[in-house]
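Take this structure first; my questions come after.
As written, the chains take the letters A, B, C and D, and residue 1 is the first residue of each chain.
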Amino acid sequence: MQNKNERRREQILRISGVNPLKCMRCGKCSATCPSYDEMEYHPHEFVYMVETGDLEPLIHSASIYQCLSCMACVERCPRGVEPGKLIEALRLTVIREKDGNHMTADTIPAVIDDETPQQAIVSALRKYTK
Amino acid sequence: MQEITREALLSRAAELFRDGTVDRALGWRAGEFDYDVTPGVFTSAEELENGFVWNDFCGANFSKYLIRETGLTEKKVLVFLKPCDTYSFNQLLTEHRFARDKVYAVGVPCAGMADVKLLRDRFDGVTSVEGAEGGVLVHTLYDGDVTLPQAELLPDRCRNCKSKKHVAYDELLGSDGEVLDSHRFDEVEQLERMTPDERFAFWQNELSRCIRCNACRDVCPACTCEKCVFDNPASGAANKAPSSSFEEQMFHIIRAFHVAGRCTDCGECSRVCPQHIPLHLLNRKFIRDIDRFYGEYQAGAEVGSRAPIVDYTEGDIEPGEAVEGGARHA
Amino acid sequence: MQVTEYKPLIVAFCCNWCSYAGADLAGNNRLSYPADVKIIRVPCSCRVNPMFILRAFQRGADGVILCGCHPGDCHYTTGNYYTRRRMALLFSMLDYLGIERERTRVEWVSAAEGAKFAATMNDFVAQVAALGENKRLEDLRCKK
Amino acid sequence: MQRIGVFVCHCGTNIAGTVDVKAVAAALKNEPGVVFSTDYQYMCSQAGQDMIKEAIAEHHLGGIVICSCSPRMHEATFRKTAAAAGLNPYMVEIANIREQCSWVHKDMAVGTEKAIILGKAAVAKVNLNTPLTPGQSPVTKRALVIGGGIAGIQTALDIAEAGFPVDIVETKPTIGGKMAQLDKTFPTLDCAACILTPKMVDAGQHENIRIFSYSEVTAVKGFVGNFDVTIKRKARYVKEDVCTGCGLCTEKCPQKKVPNEFNLGMDNRRAIYIPFAQAVPKVATIDPDYCMMLKSGKCGVCSKVCTAGAIDYKAKDEYIEEKYGAIVVATGFNPISMEKFDEYAYSQSKDVITSLEFERLTNAAGPTQGKLLRPSDGEHPHTIVFVQCVGSRCEACSEKGKEYCSKICCMYTAKHAMLTRDKYPDTDVYVFYIDVRTPGKNFDEFYRRAVEEYGVHYIKGMVGKVSPEGKKLHVQASDLLAGKQLHIDADLVVLAAAIEPDRSARPLATMLTASMDTNDFFTEAHPKLRPVESPTAGVFLSGACQGPKDIPETVSQAGAAAAKVIGLLCKDHLTGNPCVAHADEMMCNGCSTCERVCPYGAITYVEKEFRMPDRTTKLRRVASVNEAVCQGCGACTVACMSGAMDLRGFMNRQIQAEVDAICK
């Protein structure tokens, strides 16, 4: 179990190319995040929890789908940690493991309403077409 | 076949002599045979007309001769530079070895220069050689007349040409090429993959043939010291003749170390070695290590660049980490 | 036939400001290391010419170690940075020529690291002793 | 071959306990050159030294080897002994048979054998020693201080007080620097002007201090004790010695629309101006970019109103040359540009300001006479957000900011927050921080007061975005401890901008051949033990040019730099270390390789004519080592391919002789 978690963590770090140890815990990622209020875990928590290997809660959290992957956190992070890429890597890991996606590209139009930000639509199409 | 003809070079040279820009020219001169073309100094257009040679055997790099020739005249010295020669030219300028304004450099494209050794290995009794459609026509005493594709006669340095681009010239005849992705480090890597015992045996076999003729040193455009340490009694390393296996190694290690970061990999050392020692493999090892440890660096690519061996960063790799061909940092 | 224990000959170049002082400190604290180590004092590790190292091997040294201030602490600010590059390249070249790389080492020893100096020397002597005599670079004429 | 004497010390039983000293003396007697060899109980004692002196005289010794303790202990002692006996002190070599032999080996046979080898190496070396004489160079007893901020002023005052003339070169029309722009100073809250301006006046009136304001250093030649410096005195179009500083011209000048740099462009000044009331020298300066007389020849008002007749429209830049013994760099810092931080809307809204601008807004001499008003509409702000670490502590490769901590921001932000709450209790003040760093006397107490007594809201988190919305600034931030995203409608946002070295520092470092780090801060000679000296001899560092610093630290460093300068200027002559590099001109290629590795800029190149073996002459470029500057590290000797560069006292042949002796 320990090993599986560790392997998964390494995979996430490898896919994302992120080094969570560079984080100085300033919280600018979460300050920037437009989905903050929707998310259970926030960008800075993703970084910290991946650093400590606390992956289970993240994997089972809806937060990995609520990230719009707008990459504002990546852009603003003063240390170049790139939390957005980390979240994306987590999501990919989950998809690979479960062999299934949260939703498919076909189902996207049904969930779009006038309130949906355009960025979310674009990123959803990008994410769920894989 | 070379892109530019002898006539084109001659007519340009004649113009430069005529308008008084230059009063001497460094060019190739015929030797005993067609294939042993040697460097020469020409002091008039007529001399050039009679003695100048331009063919597939014009391998010699003239950069080094500029140090002497620029000191002998008030005017400029005309020099023909192939792409790889221009790197040596720049490196010498970086080291302030001659004044740039005393030189008129004419860039000449190069399609690769044939290796005399390969020719000799292949045929017995070569009488003459001439350029021919699609390669080289060789007349021999015993093997008849044979036309060879030029590629078959190219030495390693041309097969693995690092650049067809001229990095310095006053005027370029013909077209300029690009810096190439060569495989010049393949042999170095092959050696690195051997065991230490195999490597030792390889170099023992190669270096034990050294007769300390100093041809490598004399031709090397990086070896331009007023007096070489190996000739200087005060250096404590003076040693003019080989008397033990060690001294051959000492000479070649130190020579390679002295040109490290300055060697442009022109390959002249291996070309002139009468014992066919692949000396360029020593220089390329340093170039390869420098690239791997400290980032890509091509000596002579630009004038005034700082060679990695006289530079540092705070996070450089430790000597203990530079193991097994820098595998840990590959 | 008399069998004597093999004693390697080690030449240690120590910079005046850090490592030589570190060696002195090892002495002050009576931290022993084999007598096979002979120290040559140089102002800075960057004074060590590759020729000196080759010369030592030529004359029959079995190992050569260079000690200097830790990078960043050089008395002359930058000397050991150059040492580091030169020796990384030289050692890699010796390795390329098939000379056992365990015979050469660079170690950073500060003036306060007497214990590290002694430990380094103990370790290096053991490492070289395990390789046996240096035959690949020795000049036989220099043999007694 | 020298006539060498060998002296083996017992050091009581320290050496003799594990080394058979008699055997060592006997063995070394047979070494080439050795004519005398003996042993003694304590060589460093008076009796031992006398014995050495007698032996030198009696045996006409040309070199001596002392087998004793470490040269770090007694090399100087035995060199003096040799000198007293008429022998060149550099003909002494020490074989360290105590620390590096008797103390680390237990076995007598082993210790003796090693001691003999070490002795042989020393004999081999001394055989190749040559007498060395340290060079002497005179010291010009005048110091130059580059930069007239608090660092430069303090250094200049301390040097001047010790009795040496000092010149201050300042690029601005007045000295005072950044501190003159500040309002209050932490942690005691005394007003910056109150403590700075008396020092400025002292500097202006001190008989040993000359101030070259509106000037810059354009060339530096020479070396420690003997610098030749060219100073450009920019034309200020006002005769400095005539102007009385009455300020009438600055009131009458019709060109009113010049951004006032002293107030960071938040208000305007005239084309002829005195930066601030307490300026030193208090002299007007004409800004040639805006003066209509200088630009079009039409105006001349200032000239008409000036009763002293100080205006001179025809003034030209002047260059003066002066000699100095020491140079102090005090070029200071600047806040970095906020242009690249789009997320904070600095370029979009006038109400997003830097901390230095905030200082001016709260300063009684500032654009608002000290009333805290929004720059956009002049209204009183009620909600103020301070953002820490803007551009500090960024990733190394970041283009926006700096990798280091700017050090002063935590404290001045606490000061700003506290003063705001003190003066305007109706304001809400938020400080967003990553860490609060307050190491310093009374610093943490000060910060705690801001929180506990003044009710400043310190929030652990960062501001992600500032967006101007109507008259408000919408601040979106994280509160990491509460796990919330905050949305604050602020009236004013203050950015604690990172600080960087002044832009003049880099070209200055090149002129001085002083080294810098990647951030353009000057490097100190030793980070712990020589913090106010540059590795380049005779160049000293004062203030923020060496690294971010607050005022107390700057002043102490300024004093320390002054002490070092005074120590240097007290000497009439500098005695060099004779163990320096030397280039054999006949072998030098002039390739510049050695110059590149020299940390001190001691190597220059000269064109020299040489007679060649074939009787021709040849002009060659050869290296020349300035022996007063060279410290003798030897980096150049290895960089030199031809072996032309060698190090006296540690010559190639000497070291090789030691190697040979050890390996024999």
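To be clear about the criterion, contacts are C-beta pairs under 8 Å (C-beta built on N, C-alpha and C of every residue); 3 or more make two chains touch, one makes a residue touch a chain.
It should be emphasised that the depicted structure is a prediction, and the values quoted were computed from it without experimental measurement.
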| item | value |
| --- | --- |
| Any chain that touches subunit C and subunit A | D |
| Least hop count linking subunit A to subunit B through chains in contact | 2 |
| Chain pair with more C-beta contacts, C-D versus A-D | C-D |
| Whole-Å separation of chain centres (CA-atom averages), subunit A against subunit D | 47 |
| Cα-centroid distance, subunit B relative to subunit C, in whole angstrom | 36 |
| For subunit B paired with subunit D, centre-to-centre distance based on mean C-alpha positions, whole Å | 46 |
| Residues within subunit B bordering two or more other chains | 229, 235-237, 309-311 |
| For subunit D, residues that touch 2 or more chains besides their own | 597, 639, 652, 656 |
| In contact (per the touch rule at the top): chain pairs | A-D, B-C, B-D, C-D |
| Partner subunit D, residues of subunit A touching it in the complex | 22, 24-33, 36-37, 42, 44, 72, 76, 78-80 |
| Contact set on subunit D toward subunit B in their complex | 584, 586-593, 596-597, 605, 618-621, 639, 641-644, 646, 652-653, 656-657 |
| Subunit C residues within the subunit B interface of the complex | 50-51, 54-55, 57-58, 71-72, 78, 81-82, 84-101, 104-106, 136-141 |
| In the complex with subunit A, residue positions of subunit D that touch it | 343, 389, 393-395, 397-398, 400-401, 434, 460-465, 476-478, 480, 483, 485 |
| Residues of subunit B that touch subunit D when the two form their complex | 71, 94-97, 224-229, 232, 234-237, 258-259, 306-307, 309-311 |
